[in-house]
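Chain IDs A, B, C and D follow the sequence of writing; residue 1 opens each chain.
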Amino acid sequence: MTATENIKIEKPTKGASIPAKEGIKKAILGILKKALETESLDAIMIPVKVPETESYAWVLLKDTVLLENANPLPPVMTIQGGKVLSDLTKHGKINKNIAVILRPCETRAAVELFKLKQLHFENISLISIDCPGAIPLSEYLAEPEKNEKSFGNILDKWDKDDSVRAICKTCYRFSLPTLTNTPASDLHIGLSGNTKDDVLLIPITSKGEKLLEKLDLKPDSSLKKWEIKINEIKKIKSQRRKKFNQDFKTEISGPEKFTAVFDGCINCHNCQSVCPICYCQQCYFDSATTKLSSEDYFRRAKDRGALRFPLDTILFHLGRMSHMALSCVSCGACEDACPMSISVSQVFSLVGEQTQQAFNYTPGINRGETLPLQDYLEDEFCEVETPSECEPTNSNEVKENV
Amino acid sequence: MDKDFKPNIVGFLCNWCSYAGADLAGSNKLEIKPFLSVVKVMCSSRVNSNLVLTSFLWGADGVLIAGCHPGDCHYEKGNYYARRRFALLKKIMESLNLEPQRLQLSWVSASEGKRYAEVVNKFAEDIIKIGPSPFRKNQNL
Amino acid sequence: MSKKIGVYICECGTNISDRINIDRVIDEISSLENVGIAKKYGLLCSPAGKKYLVEEIKKEELTHLVIGACSPREHEQTFMKVCLEAGLNPYLFQMVNIREQCAWMISDKEAATRLAIKYIRAGIKRVTLHKSLEKIELESNPDVLVIGGGIAGIEASLSLAGPERKVYLVEKTEALGGMTNKFAQLLPHQGTNLSIIKDKIEQVNNNEHIEVLTSSTVKDIHGFLGNFEISVTNHEQDSETKEFKAGAVVVAIGFNLYDPKEAPAYGYGEVENVINALEFETMSSTGKIVLKNGKPPAAVALVHCVGRKEEGYCSKTCCLYSIKFARILKDKLPDVDVSEFYQDLCLPDKSDQNYFEEAKKKGIHFIQSDEIEIKDINDRIKVKYKSAEGKKEELIVDMAILASAMVPSQDTPKIAEILNLPLDKTGFFKEAHEMLNPIATPIEGVYIAGCALGPKNIPDSIVQSQAAAGKILTTLVPGKKLEPEVKTAEIREEFCTGCQTCLSVCFYGVISFDEQKGISTVNEAICRGCGSCVGSCPSGAIKIKHFTYPQLYREVLEALR
Amino acid sequence: MKKQNVLIIGAGVAGMEASQLLTEAGHKVYLVEKESLIGGQTIKFEEVYPNMECSTCMVSPKQQEILQNENIDLLLLSEVKEVNGTAGEFKVKVKKKASYVSLANCIGCGACYEPCPVSLDNYFEEGLTKMKAIAVPCAGALPNVPAIDAENCLRLNGKKKECQACKEACMFDAIDFSEKDETLDLEVNAIIVATGFDMLDLKKLPQYGYNQKDNVYTAMEFERLYAENGPTEGKLILRDGDTPKTIGIIHCAGREEQGYCSAVCCMYSTKFSHFLKHKLPEAKIKEFHSDLCIPGKSHQKFYQEALKKEIEFIRCQDISVEKKNGSLQVNYQNGNIEKNTFTANMIIVAPAMLPGKDTKTLTETLGLSQDDKGFFATKSKELSPVTTDVEGIYVVGCAEGPKDIPDSIAQAEAAVGKIMNLSQGKNNE
């Protein structure tokens, strides 16, 4: 990221209002079409429906015709967009202007991967979009059309949608904060706008502003209503989340319960391979490093009377946690991918939230923020040291980011 | 509380402060409970989560990480990073109630033989109070 | 090749044998895989013991050695030498501490024996995973780059240059001498008089082994101890660039003076005849000490500690040079009335006190004071202050001389960036270790001398320059190769994702990022082997020799049996 | 470059630093130390300012390296008796006192201490505790090998010729009563004097009421009192068994008498306050000083942190201590007028740093001179701080004048620089 690219402009108070009588999808696609035609953008990375399966695939498209089947906010999250952006940009710069449209959780994943040097934003316009949630992949694929429809008129749903994934029901980061020095996205699409019939294009960085200019869209309508609405929903969902966490924690915490959760795990490591934050070349836990010699296994079986295989199931999940919890954006990709329908995402999201609070860190909302483990304060966390000899300095109150 | 429960505790000691502190405890013939096995590392910051977790996986009833006091690190700031990584592990265990008391970080300097003895013995007692690690029982592996 | 481990347990007189049942230990472990021999011996560290071990290693053709004895801090070195003598790579040896951390801390013999068995077993399992490590030797360039032509840089160059060692002395101005050029006189009681410095400058210019590059600045430095590649631009000769190699770098870029304007209370720039220390130096060197109106001052106030509060430290030298000023004034204007407004008189050198006493004898007033305010009252100066008794008082004078704090040179951040050096909270360069390694930096082969490291007087700067020379002359010995640490970190390329977490945690600037491969690389020549990077790598892509994951994992596993 | 032989007198931090550097470059060092252990004064400190760093952790690795370094000939219990010749070819006679304990055989198990019938004041512990006639003075002393105090050993001083309690207890045959003092002849190219300092004897300043009985402590006594490896294992127990509650710390004791500021007292006194506040949060602490001498970039911060901890710094003169109905009273005068008092149950006095006891004799032996304060005189007037009037002889650390650890180390490195620079010059001659 070069300095000029991601400078924050004043907290946006106005956005460009786009009529959306025929649905937000058409409205947004219209804009994108225009952007391609006017060559304000050279290409767009966006989910496109695959006719055969009715599922969605990410496509980097230049051809406006293909936009027909595109969907800026599909009912499902097939592959985490952050991961996709990493695939696109990790291996070198691009000299074309490319826009990518991501859900908030995907945007935040992208920002974490940016901090981890797994992607760059050069010539990339990141457009984030308010997100009411996504339908569980398996359920969607059972009856694509029905779900497509039910997802169609999202504007009424928001907090009331039962068809979306559990993790989405309690997601209070369904929109993005617009006020940080180095914000996550360049342009934000505010749904649930002033009226039911328009969406807001909110410029967040100078890059976003330029894009609007090129499309000669004037950011002239107020964000008030949108902000109020967003905050209402946020309040509701935060409370829901709090409630859920309490119940869920009692449900899964403690060694016995916790291991019970993963009893069904078949060690397929799908959760890891779809996780945007699991960016390692080769997962430590797939490598031989953690394995023992057969003779060892046998001796240990003898010592303990029995040895269950594969042994490192719990190690895998805890280990993965220790690697990505601080950056977990609660996108739920892992749960969609789990063949044993273990509530992986809730577990990780719970741990993620609590550790992130301890480090006073919110992943993915600020490109400039340093990753907690790449930094330190001389005087902190003395409460974790025993015998502790000082007052806790790092009080675990959450800094309110949204 | 099981009186004749002999816990298995792994202690990662940094070479410059804590390991020297342990030696001093020995030279002063301070009595230490025989439940802790020392694994020497050059700096507490060498210890990564996998070492700790595998220790638990293989049935450690407790894991102790000991290094130089903040500001004393032989490598200037290693122990600051060590403390952060440790904090993360600790918070993970806390958030899931995985008996976080089984994981302990203590600063012990080369002159603190007495402190070393106190830390280790206290830790051993605590672990005995909690009892054997659930990860020891094979069904929990 | 099949392994044959020799295990030798030291009775240490009776220190170990009294408290551990060694025979039982030997029974337990001698059947373990790869164990060729397990024996006990009275005292392995004794001359006889060492001889015995050498013979055993040879006779039994051992491939690995495990010794159960005292703490490695006592005798690891001893036994590594034994290995060398016996032709066994010393890293194929593991020392197991069953005295300090076993026999001596556990009085119950049974328990101690059990723990000893655990430890020895772990040692045996660990040693089978050891790799033989060889000392690497590196050629090194003995030449030195000295940045800054002030007194510190001059002294460093003179102390370093020699028939086998060229020194490049880079000075950004057109002349050597630095700040001292601006001084009227120095502190004779400290032996600092200008003629000596002039001589030193002469010596530099006449020294065939010193190449002086004035009007030049360092553009870029790459490499590491023994092998730095340097480019210097000369901004006179249409900024042509000179490139050369050197083995070490001495940074002696000096200091700046605190600008009194930043503390308006002193009236500098507002009130007439309020001048700063340097202005007075020039004034007195040109001979005439006069006010703006050309008249000599009847009363002068010397204000200490200007900027001390703001900068948060005492600059050590101000008290003395203010006293120097007072004495100059008294010499040139015998009946001038001089008052020193000080907070604390800081006279830390053994000879300073006398210098101060003499000044007192000359009738100079010393006023312990605080909260100084300097105001203009019809072309004289009013100095308001809080006295030692806490009373508000004031004094009327004609001239006020401000002793400004020493602050980091404006070039500090730039040099820090070029050399990847850390700065401390005060903005000066940070020492490798404030106590034990006061003139070295975390970057091997880069040293700081003089006020670039913090406020100090000239003798201390001289000492630091000579110290830098001491460090360099003992590290870069012509014809002698460098032998860096062997237990270094190593990147496992197939695992590295290039997230650069390791770069952020390495204190010694050992790791760099390879743009081509998109992965981190370790410069083993300067790695200290702490393993911080290993602990920080999320992908387990770094291994540290002799403390590899498998080796430690193995110890853990044996601990848990 | 031709190999240099260097004699270094004094194995404190400065001497150790110089030895290490020189041997790194392949030179030979004779390190002469008058005590039976190395490390000098620094190893007496629990923590060092301004980072409250653990001193043992800092120094013991260095000590270990010195002991294991084959190019360093460590001569313990030794003193330089005679020096002849000139730079490049000094001929030196060193008297090495018998220690009666074989460095090679002894493994430092300490079995011999307990049986020894003699009990003496422990010099290292400032007499705060006893030690045997055979013992190492403190836990963790290096080398971890005791020496027999010949004057007090009953066998050696003839009071009880048959006593061999220690010999019987030793299982390594490390004790040899027949060992004799020896004189070694060395040939060296250069000499570095790093003999350090002594502390002013407070008995000479009666106004501070120091008598080794009441709770008035010298700075060094306090360093040991709070050291983890000290006489009380770091427990703060006063001479009368009480724990410190109200503490007065007095700076500059003997400054006027000596005519110079000792440069480090203000800082280590502040260190004491930091430490005491940390151990005894309830304690009331006052520091009595004349001028605060806290030069250097990181020192004032240390002082300001102390202020934050409600430690009171009082600028005053005419400080005296007297015993008033059971407790100690500090009398002082602040500003220029009012007299004041402060009642304390512990007093710590920071005495001036003095030239080492042997400075006079050593200057004579080496053909050097003392400056007006009694320290080794250097050519400082010619802006050559560590060089002396005799070419090839250098003075570093507190032997040259009061200073802190980093400055001492820098001087040691500077002396090495001088020697190396000369020797590399020599080549083209």
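By our rule, contacts are C-beta pairs under 8 Å (C-beta built on N, C-alpha and C of every residue); 3 or more make two chains touch, one makes a residue touch a chain.
Since the model is a prediction, treat every value here as computed from it, not as a measurement.
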item	value
Pair of chains joined by more contacts [C-beta pairs], B-C or A-C	B-C
Euclidean distance of C-alpha centroids - chain A vs chain D, Å	62
Chain centre separation in whole Å, for chain C relative to chain A (CA means)	45
Distance between chain centroids, defined by C-alpha means - chain B, chain C (Å)	32
Euclidean distance of C-alpha centroids - chain A vs chain B, Å	36
Sites on chain D at which at least two other chains make contact	51, 53, 58, 144
Where chain A touches two or more other chains at once, by residue number	284, 289, 323, 373, 375
Residue numbers of chain C (touch at least two other chains)	73, 505, 536, 540, 549, 553, 557
Contact graph of the chains (line, ring, star, complete, other)	other
Residues of chain B that touch chain D when the two form their complex	16-17, 20, 24, 27-28, 68-69, 71-72, 74, 109-115
Residues of chain B touching chain A in the complex	49-50, 53-54, 57-59, 70-71, 77, 80-81, 83-92, 94-99, 104-107, 118-119, 122-123, 134-136, 138-141
Residue ranges of chain D touching chain C (in the complex, touch as defined)	1, 13, 17, 21-22, 24-26, 48, 50-51, 53, 58-59, 62, 64, 68, 104-105, 107, 109, 144, 171-172, 259-261, 263, 291-301, 304, 315, 334-337, 371-373, 375, 379-386, 401-403, 405-407, 409-418, 420-421, 424-425, 427-428
For the chain D and chain B complex, residues of the former touching the latter	46, 51-58, 60-61, 108, 110, 139-140, 144, 227-229, 233-234
Chain A to chain C touching residues, read off their complex	90-91, 116-118, 279-282, 284, 287, 289, 292, 296, 303, 323, 370-371, 373-375
